[in-house]
Amino acid sequence: MAVESSGDVFDVKQIRRLIELMKKHDLTEIDLKQADQRVRIRRGSDDEPRVVAAPVARATETAAAPPSEAKADDSNHVVITSPMVGTFYRASSPEASPFVKVGDRIGPESTVCIIEAMKVFNEIPSGVSGQVVAVLVENGAPIEFGQPLVKVDPGA
Amino acid sequence: MFKRILVANRGEIALRVIRACRELGIETVAICSEADRDASYLELADEAICVGPARAADSYLRIDRVISAAEIGNVQAIHPGYGFLSENSHFAEVCRSCDIGFIGPTPEAMAQLGDKNSARTLAMKANVPCVPGSDGLVASEQEALEVARKIGYPVLLKATAGGGGRGMRVASNDLTLQSAFQQAATEAQAAFGNAGIYLEKYVERPRHVEVQIIGDMHGNVVHLWERDCSTQRRHQKLIEESPSPRLAQATREAMCEAAVRLAKTAGYYSTGTVEFIVDQEGNFYFIELNSRIQVEHPVTEMVTGIDLIKAQIRVAAGEPLGFSQDDIVQRGHAIECRINAEDPAHGFRPCPGRIEKMIVPGGFGVRFDSHVSSGYVVPPHYDSLIGKLIVHQPTRREAIETMQRALKELRVEGVKTTVPIHLEILSHSAFHDSQIDTTFVERTLLG
Amino acid sequence: MFKRILVANRGEIALRVIRACRELGIETVAICSEADRDASYLELADEAICVGPARAADSYLRIDRVISAAEIGNVQAIHPGYGFLSENSHFAEVCRSCDIGFIGPTPEAMAQLGDKNSARTLAMKANVPCVPGSDGLVASEQEALEVARKIGYPVLLKATAGGGGRGMRVASNDLTLQSAFQQAATEAQAAFGNAGIYLEKYVERPRHVEVQIIGDMHGNVVHLWERDCSTQRRHQKLIEESPSPRLAQATREAMCEAAVRLAKTAGYYSTGTVEFIVDQEGNFYFIELNSRIQVEHPVTEMVTGIDLIKAQIRVAAGEPLGFSQDDIVQRGHAIECRINAEDPAHGFRPCPGRIEKMIVPGGFGVRFDSHVSSGYVVPPHYDSLIGKLIVHQPTRREAIETMQRALKELRVEGVKTTVPIHLEILSHSAFHDSQIDTTFVERTLLG
Amino acid sequence: MAVESSGDVFDVKQIRRLIELMKKHDLTEIDLKQADQRVRIRRGSDDEPRVVAAPVARATETAAAPPSEAKADDSNHVVITSPMVGTFYRASSPEASPFVKVGDRIGPESTVCIIEAMKVFNEIPSGVSGQVVAVLVENGAPIEFGQPLVKVDPGA
């Protein structure tokens, strides 16, 4: 679940999910890298002679090596999550244009969406400044507390 | 009948409601906090909506978020469980104004019964015995003395604004009453900014006996006999049973009839519990009516064979009860032990954490209601109940034996539980002889 | 009463007996094979003695070793459970000669009822209806024709030495009987070296209905009503229920009375099951008396409220029954599903292995009897039963609903189980309408 | 749970959880890195040379420590186990001397004890030759199937 893979490699729940994937698809190794983060999991018996130093060395190298442009950016993104339960609206009315769209530059005070809860329309402020990378929810969708709404690149 | 309801609670009672709904063919939307997000019982709901962070005040107690969840979940009604919003008449009102069914009584009945004074007035109107006491506040020492002489010592002085034992004094004669009155008033003023004091008969070593009732919207109210919840620690129930041992049949019937009278007078429907205390002479006095389902409802289900949650949902949907008073027979004896993640060796402090392994008891006469299984993490944010072990046997003696063997079968690794104190109580001769009052546990086992 | 008994079985029935003993205050010595040594249910026995390697013939079936275990375990009696040595009258005799109590009937009663011919003779003596047929072997085609005309077609030809369907032929008229007789005799001669053939009425689409009985050593025998076990796959029971749906009350009573008559005639005590088939017209015919406790006994326990294992132990110790026929009332409806570690998608082949995680269903009306928990390894050496899920509700419809939700709650990871086939059966309209006979599963679901 | 993604690599609870995951799912390695934090856990038999980062090396060394001398000897002993359930007797009668005692040299045909089962006294042959190292059961004790009776050093 994208929702919960918060970008903390020490998140046990996420690791558990990866392990389930490995078992399901009979994988012996998963090696995920992103900026300065790395998750590497190996399973099953491994009889082949291996220079164990190598992967570790690689690991350290990888960490030191400059990450790819896109992914490096990604890890620095800020995700704006829902502070309440309700219905998500991208615009103040069906006719109006969306509060934000991908590529927009926004400030902390910018309204990114409206969440309707109990007939009250709540404007949700961005809280960060940067460039909108993605809008993660469809207009009119029900959303729960903590659900990711908008992804912002604060460095852009 | 409802097609889809919101379960506005967590843990075992949420699972209990989900189970009933699955049997009734009703879809369920569960709410959860961030702390409960991974709990496996949520998988049994058709949908789960996170309504806030771990703290109950920011999630399970947030009326706006619960109502929003009901709206986006597209449900017809809300089951509040027990605790949290279940006795909040304002919440019931909001449900009504949002045109969402509330699986419980009317807000008016809840409000009236939730207030101590109006509940007492109702009870007297319904000819239900209340603890004798002053008619409202006592203005002076002199008045206190007069009331005390009328109702007889010992008496209890209580702050009208009080709670948690503060501003409470017991007096056993005129002399102690005089000093107690001033002390209680001073303490109440200091603690609550309100010196108002009232006075009632002090019941020594009372037993806590409660009557389960249920009513529908068509004026039918029946009782499902009583439960004895005298085995308590600091007013927290540990063990509940039905029937109440050593209760004279005439008293039992009188209590149950009184409970039905009160509910009818209050225009009450849904499930409810009328709590009484019973003194050493067998006199019973009304304490309060809890306008919700209770933790210990399975005890009544076992002896009557009636699924109270299903019945509660049916009447909330407007259906008639479907059974009459004569259909409800108490069969055999049921006992429930509350299994809490607490450490009895250290003052019952909560013991949250990961349950590494859990083996559940089974077999003849055993029911285990629990949302917990191996790998579950008991969050530190809520009450520590991790399961209810219920047994049903033809006799009380056999029920005790079955409970003992089931408690010994239950294996919970990773957190401490209340199992040891239950085993201690169940093997105590006073429990076998049913010589239990609400002070028993502290007096005998923890003194 | 016994102070210490040996549980000469394994798995769920061993645990069932241990549970009953713990409630009765009887110490238990469990036996186990090397394959079962680490099973957690053994921890609930006071002692466990390994009697041999995994193969049942070298452990659970070895009379000398079981008796030795009883001797070194210093027990007063042996509970044989079901299967293994439970219907071995020689074993019961050895127990008697070693002065060890056998928790079951006398070896004489067992031997007499274990033999098909003497059991049938007994039944006729007790005026219990048997399937009409030849009086012993039929010597010639001509005799077969005469018998068939007398009892009416269709008839079944059976090899006296036969088993497993070989040497069996159905004939529906004179013509087919003539050819079938020669074929059956030839086949029987080839297969068993014995051409002896007998003939009985062929009951089409029968229902399997059995009556639970119990007797004491003082001449009291009562029945605990019937169970319907028509939902079978290849003569293996899948689902059992009580009461038997669509059975006329007069038939029910006649069957139960017949069962008691038979037991009395046989001088039978302990628990036993009298099996009948019921034809489409509601006629019932005696098949056999199983002189042990059965897998499906909990179904009867739920509707009667009587703990059959405790009662069985009590009467084996010489106590009188303690209840009379009038005390035994059928209340509500109970259903049991056998949860086997088998793969329904692959011809129900056994699926032994490690159960990584198991979440057990609970709540109102649910009982789960199982020796298995997370981490248990199902050994490949024995039958594949890993648990019995039993529900009890006021009506059959509610029982089905509860069973469905409980089956969906049950989570077993690591091995395949029979849960899917149970869900399929329970949702089938023929099951809802109780249009079930012993051919239903193969005819409708596996055809 | 906040507990599970604390970001503190020294969080023992988290490591314990990871180890449990490894055991449960038969993983041989987990390697997690994030910024300057790293958790790497390996398990299972591993005969290969390990040149890895300091803390990891320490961990693996301990696991691979050679067994003690005594234990190595021990593994060469043969244990005679009971082929039946019954009562163990060291001698043919209370007055007789034991069939075997520590230090005795025995052959495969030597009787090491009697096991009484169902009033029958069964002489149990050794099955191996060597020197008796230990008699593991008391005279008169009840024994179960497979229970170790006598320990023999076949090399002595």
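As written, the chain order gives the labels A, B, C and D, with residue 1 at the start of each chain.
The rule is simple: a contact is a pair of C-beta atoms (placed from the backbone, for glycine too) under 8 Å apart; a residue touches a chain by one contact, two chains touch by 3 or more.
The structure presented is a predicted model; accordingly, all values stated were derived computationally and were not measured.
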Treat touching chains as neighbours and tell me the shortest step distance from subunit A to subunit C. 2
Relative to subunit A, the most remote chain by C-alpha centroid is chain C
Chain-centre distance (mean CA atoms) for subunit A and subunit B, in whole Å, is 44
Whole-Å separation of chain centres (CA-atom averages), subunit A against subunit D: 49
Per the centroid of Cα atoms for each chain, what is the distance between subunit B and subunit D, given in Å? 53
Can you list every residue of subunit C that touches 2 or more other chains, as numbers and ranges? none
What are the residues of subunit A that contact at least two other chains? 13
In the complex, subunit A touches subunit B at residues 13, 84-87, 117-118, 142-147
Residue set of subunit C touching subunit D in the complex reads 34, 49-53, 59, 64-65, 67-69, 71-73, 98, 356
Per the touch rule, the subunit D residues reaching subunit A in their complex are 4-7, 9, 11, 14, 17-18, 21, 25-35, 37, 39-40, 44, 48-53, 56
Subunit C residues touching subunit B - in the complex, by the definition given at the top: 15-16, 19-20, 22-25, 40, 44, 298, 301, 305, 307, 309, 331-332, 357, 359-360, 362-370, 373-375, 393-394, 398, 401-402, 404-405, 408-409
Hey, which residues of subunit A end up touching subunit D in the complex? 6, 8-13, 15-16, 19, 22-23, 36-46, 49-50, 52-53, 56, 59-60, 63
